[in-house]
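For reference, chains read A, B, C and D in written order, and residue numbers begin at 1 within each chain.
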Amino acid sequence: MDRTTAKKAGLSPHRLEALADGIFAIAMTLLVLELRVPEATGPGDLASRLGALWPRFATFFISFIVLGVYWFAHHQTFYFIVRVNRTLVWLSILYFLGAALIPFVASLLGSYPEDPVALSLYGVVLALLAVVGYVIWWYVTGDRGLIDQKLDPDLVRKVRHWIAAGPMVIPVAIVLAFVQPILTLLIYLVLPAVFVLFNPVDSYLERFRQGAR
Amino acid sequence: MDRTTAKKAGLSPHRLEALADGIFAIAMTLLVLELRVPEATGPGDLASRLGALWPRFATFFISFIVLGVYWFAHHQTFYFIVRVNRTLVWLSILYFLGAALIPFVASLLGSYPEDPVALSLYGVVLALLAVVGYVIWWYVTGDRGLIDQKLDPDLVRKVRHWIAAGPMVIPVAIVLAFVQPILTLLIYLVLPAVFVLFNPVDSYLERFRQGAR
Amino acid sequence: MDRTTAKKAGLSPHRLEALADGIFAIAMTLLVLELRVPEATGPGDLASRLGALWPRFATFFISFIVLGVYWFAHHQTFYFIVRVNRTLVWLSILYFLGAALIPFVASLLGSYPEDPVALSLYGVVLALLAVVGYVIWWYVTGDRGLIDQKLDPDLVRKVRHWIAAGPMVIPVAIVLAFVQPILTLLIYLVLPAVFVLFNPVDSYLERFRQGAR
Amino acid sequence: MDRTTAKKAGLSPHRLEALADGIFAIAMTLLVLELRVPEATGPGDLASRLGALWPRFATFFISFIVLGVYWFAHHQTFYFIVRVNRTLVWLSILYFLGAALIPFVASLLGSYPEDPVALSLYGVVLALLAVVGYVIWWYVTGDRGLIDQKLDPDLVRKVRHWIAAGPMVIPVAIVLAFVQPILTLLIYLVLPAVFVLFNPVDSYLERFRQGAR
């Protein structure tokens, strides 16, 4: 898109995407700072001390995938966006704030993997991301000229239902943290896997591409 | 813009924008390093120790929004810029230096939320960003061929008045830090909110877009 | 590529490249955090204490080059890619996870340069990157419409053999860590050097360019 | 440049520029981690303890500008580059390695501002950047088809002389560190200032632009 047509369309989404890519890349990489090198007195000792860090490794892995899921969701949403306005910028910055908090709640969960407070705070940040993600999709698909007009209304509805899963399931996980912590952990593990494996936008694009041939 | 026309126009703004996006993304994400996981002996204990960290959470939140405001201001300014020269590069790097200092003064304020020295140093960095932002706008809108010539002189003047608010209000906040610290905190809280909610550039673009239909 | 044709082709690779560049840039720069300033009592003392840090400097240097090699491999692969799908996104995120782990295993190796556990864990992360890199090349060069169709099948095969070197050699290095640690270190040193000095993609591009004149 | 012509020309410089922007943005922002919040018992105490940190603030400021100078030099060089090859990629990664080391030597200098070892190591990293920068310019302006052919041979020579200043002056500063440390500090202060204020590429572009009107 050249600058002149961009101007007619309001701010182009390019720099908001660049900020998103930067913030997600940094949040994903900062997670590694939680994997601290242990003090050890010898090889056998080092192995067992690293083994004792397994909750941190598990939290690192889950959080990396979680951030990947939310980055991909942002990528797919912005794929259809043709211009941004002030409200969308600030909704996105709120979304980035959630992403930037993940290294903190991951560190908390890695330090206190069985503590309901740590478990539920992790869920609160996931819920923030899920709710803001839902609001962003609802906002951009409204009649505001922000999104590609050829976008299939069916897909819009399907994605809205799909991304409602997060805001509905995560509060359950937060409550369960105080009753059955292991179920909360399970939800945190399964939820991103579901998003990785099933994703209506991707198959829509796939069909779109085949139709275009 | 292709490389040939860019060459005629001097350095293109693309890479300065990329550096800006990188530095703001990192500064925003580094803020999270100040939210340190507390030492706790049990769930109840963890909750109360996290609660005691509220000044750090508040500073994190405000600083994230503040950086968002200054990033957005940079984005909107560069939206109209067609080429950059050496002076603009160095004014921008000074602006980025202010952004890079925010995690430090945020950490200081989160550690000593009632200390007038911490409160005023936070204001000094905000003032640096505000003043350099003002100078950048004044510089690029002068007759230097750096900015889109179709830019409405009315908007140029309006934005200049608007961004003068920072350099005028922040010194007041710095002085108040030594007299009524609570008022300083209030200004730091309200100022970004005003910038988030009211913003003459965005409504100008909105009108521009509607006129172009 | 303009947005319309991109849409026909599925998600464009642009943002995945941006995430890659961000994650590699951060992982490469975070390595420096392992070079901690020592406590010293005077100039002569500082020199000798810095000298004692040589395993950290060596690990920093090797890891920087290793990340450079894997970044360059990603860059060259994506050079031929015309669209991305969900599988490729998640393979890439797994690749980035390996890159993000390098600062941790580098820190481990810098702290315990002679420990077979530290040496082998470094190799495990290298192997993860090498295997995922191999799978990515195999996946994108299959009949999935992800890659430039004019790509020479000879090059495809040549690169596949070439990048099989990592997954074959690194397991040997991991085993040797428990027998002859010095050989493991040697492999970690020589392997990136080989990739820096010999690289079939680059000479192919060179020939391609000369043919196009 | 579209993908087809890029392919004819070898790897496009775009992603190397993105990696550069990322690494410089991170190195510049990581400098702030050296400004550690001091422990203080009251407001007066906080002020004096911050005052005692002045060598760290000075090193932060100088290093931020130094990284800005080297980023700008890379930006200006790559402005003329039309394609990259393997050698240029690895020369650039060596250049980035120097940039990534700046936060470490800055931290060293901020901790031991009068120590000749700290002073000279800072110079060694500056010299690495300066020498690699010189080699890059020499390499790309050779007859390798990497650079815009319309580039004025006069400018090529002028820039080569200009950037030889670093490799010639910095070794003097390194030696002086052991004799007259204050002169070394002075050189570290003056050298970036000279590059900020005088810069033959920028005035060339300026003239180029005026001629093109």
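In this section, contacts are C-beta pairs under 8 Å (C-beta built on N, C-alpha and C of every residue); 3 or more make two chains touch, one makes a residue touch a chain.
Nothing here was measured: the structure is a model prediction, and the numbers come from that model.
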Same or different contact residues where chain D meets its copy chain B, judged by the half mark: different
Equivalent-chain rotation between chain D and chain C, CA atoms, steps of 5 degrees: 90
Chain at maximum distance from chain B, centres defined as averaged CA atoms: C
Geometric centre distance via CA averages, chain D-chain B, whole Å: 25
Euclidean distance of C-alpha centroids - chain A vs chain D, Å: 35
Contacts with two or more other chains, residues of chain A listed in rising order: 18, 22, 25-26, 30, 33
Touching residues (chain side chain B, partner chain A) in the complex: 1, 17-18, 21-22, 24-26, 28-33, 35, 37, 40, 42-43, 46-47, 50, 61, 64-65, 68, 71-72, 75-76, 79, 82, 148, 196, 199, 202, 205-206, 208-209, 212
Chain A contact footprint on chain C (complex, rising order): 2-3, 7-11, 15-16, 18-19, 22-23, 25-27, 30, 33, 83, 85-86, 89-90, 93, 96-97, 100-101, 103-104, 107-108, 111-112, 115-118, 121, 145
